[in-house]
């Protein structure tokens, strides 16, 4: 019987490796905060973190960055008052800024087996400097590559033992696409449901993308 | 020119002026800052559908403080409500709407707009650590039309944000169709900025004096 | 008040133009057969038809092709015994064969603003002859371009006046992505529901992609 | 060699042989033809999750004739059921599963397989009007592993479908990991075909005699 549930945070975070690329979902809501605590506790280092934003002075991303175990962050946004901005200024954090839509699309591309794509987004900006562009149908486009994760940390509202997930309201955000894009997708879910309880037409992330699920009651 | 002859719009005034020009049925994304306020000024009965790039289409009015849904925010991570008929989707699907040309309009804030439609709104220098790109580059090239909402002049030394050429790093090239400021509404045309509207009491000459780029009167 | 419902098939098919590219959804179930009848009745010609398969000897696609108003078909599959195969053999139909996954992805790309993408699918086959390829991470990849429609013909299970749709079971197939990819998306729906009746987390095709909806009770 | 010394598997026999080798928990896509039958031979209690590229994950057993759901078919447009825990999705999401490396296994039929893992299964000549590509090219390059199910020899003149080089147009290059025929199970290795298993009564020499490509015995 397939059963992707694990009982403890330690079990959920087992076998994390130094140097891993970690996809961290969330846009405000939808951030798997408990799993981030597990990542911090695991002690792994030299990480590449992929998240929408570099976080603030507090909150899960700031806490993770403050450990200085993240070598590089790939995100769309760094706030002036943030751990990320200070570490970057101090030369302790590499930064790759990616427009938010391109970030989402590069993550999806990894999950969907797309090897590269052309987008007009950012083609005429500083972010395109030194990179490959091409004019397609009269529009200047930038060549973008997929972002694969070794691990994805995912938040869910409901989960069953096959790893089928739903996400609540706008807490969905990066969760379904990051779940697709990692070798190992680890989920924290607010609710556990029986197999078959989620209507098959309304599953937001099918279990094929999920490896481990931890129940973390809200 | 006398500064007492006219009263610049406040941020809500700019937002309200923009709301006037949005017809029923448009799908609209509002950037952070002045643009976020636009939806408050669309009359109740006019169905305009607002999109947030974090996976919401059909944003409703702000919730009462005791009605906040912790799972529901806009692209500024501010609590919102969903309007009847709205829908949720994931980030890639949401940006497919933004990048695929499905939004009739996006309204962004900016530091500067140039007469060729260039927009700069994410960084004041290439080297600063703060890089507030977010979804602006995607929206700027993806929406059917881009309007900018901003103050006409900088707060400090009153420099013009309406420019021949942007001095800050670009968000996108040649995409702005119209600019709404506290002083005027300007269309970006092949011949540069054309003044569509000015606040009461302001003259064309007084507006030009506050504007680095050359302005043209509405033809006819 | 936004109201995308139209009352008649004629109204649904208004303003079709000769030379249009028509995206026709369906994979068995999910084919908007009534709208295909409308397309035939409209008399438009010189069409490019995009559909998963070239159809059989009967059924909506065969009927449409038999009018000889389709100049070219883009599909993943042509059956031996079919109107499409005979017209192709007779030189009366251009044929572009696209692997089914690439077809789906090219359609999605059109809807999502992607200007081109690289995929390993078909890169080492006859279908790649004379076309641009590139080796990415050791894999030979083929450059593919989006397929935009002037019109998409879509089947839905439920629809509201904003054009929000659900699709039934595997009748979903190409419907959501073709709805994204056309300038004008025309829907036939089995059921009409009030705005707000479809749960916002369970809408398969949001109304932003839909222009006209015709109620065609099953 | 005597043809009476062994009895080739029928199509169900090949399907059953494949089913034996699929462990619990795998996500599997079955092509049209012999592969479609594989799911019937997976024991009830073993959870293997079958995917259809038209947007179904978790295919259940065939429906009784009076239980057919007209909205639910597999990639062969044949009525199916959905298993408890299954899900529906659209075509691009479904092929994201197939092309993104999320399937543990795909089983396809073929005209020919070559010793370097090339597969040909969509056309018998470049010029014929019939081009039955479907999703095979996507699945062949996208799945974690590709197995082929086919008759060892052609029906007409008994030619070997297991070849040094494919003579028909390729579906994909170098992707087949294993071939299940009515006579044997062959692994594709850097050293060519290795015989994993043969039907009872068949000798290695008799199998080689029916096979154009050179075969190797299992090492050890």
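Just a few scattered comments:
First chain written, first letter: the chains are A, B, C and D, and each begins at residue 1.
Here, a contact is a pair of C-beta atoms (placed from the backbone, for glycine too) under 8 Å apart; a residue touches a chain by one contact, two chains touch by 3 or more.
For clarity, every value in this text was computed on a predicted model and none was experimentally measured.
Between B-C and A-B, more C-beta contact pairs are found at A-B.
Averaged C-alpha coordinates put the centre of chain B at 55 Å from the centre of chain D. Computed centre separation for the pair chain B/chain C is 35 angstrom, with centres defined by C-alpha atoms. Taking each chain's centre as the average of its CA atoms, chain C and chain D sit 29 Å apart. Residues of chain A in contact with at least two other chains: 105, 108, 112-114, 119-120, 168-169, 172, 200-201, 204.
Within chain D, the positions touching two or more other chains are listed as 82, 88-89, 92, 95, 98-99, 142. Pairs of chains meeting the touch criterion are A-B, A-C, A-D, B-C, C-D. Listed in rising order, the residues of chain C touching chain D in the complex are 27-30, 52-53, 76-80, 85-86, 88-89, 95, 97-102, 104-105, 107-108, 119-127, 140, 157, 167-177, 204. Contact residues of chain B toward chain A in the complex are 52-56, 69-73, 77, 82, 88-92, 94-95, 98-99, 123, 126, 129-139, 141-142, 169-173. Those residues of chain A lying in contact with chain C across their complex are 105, 109, 112-120, 136-137, 139, 141, 145, 166, 168-169, 172, 199-202, 204. Those residues of chain B that touch chain C in the complex are listed here as 24-25, 27, 47, 49, 51, 57-58, 82, 84-89, 92, 95-103, 142.
Listing the residues of chain A that touch chain D in their complex gives 1-2, 108, 110-114, 160, 162, 164, 180, 195-196, 198, 200-201, 203, 206-209.
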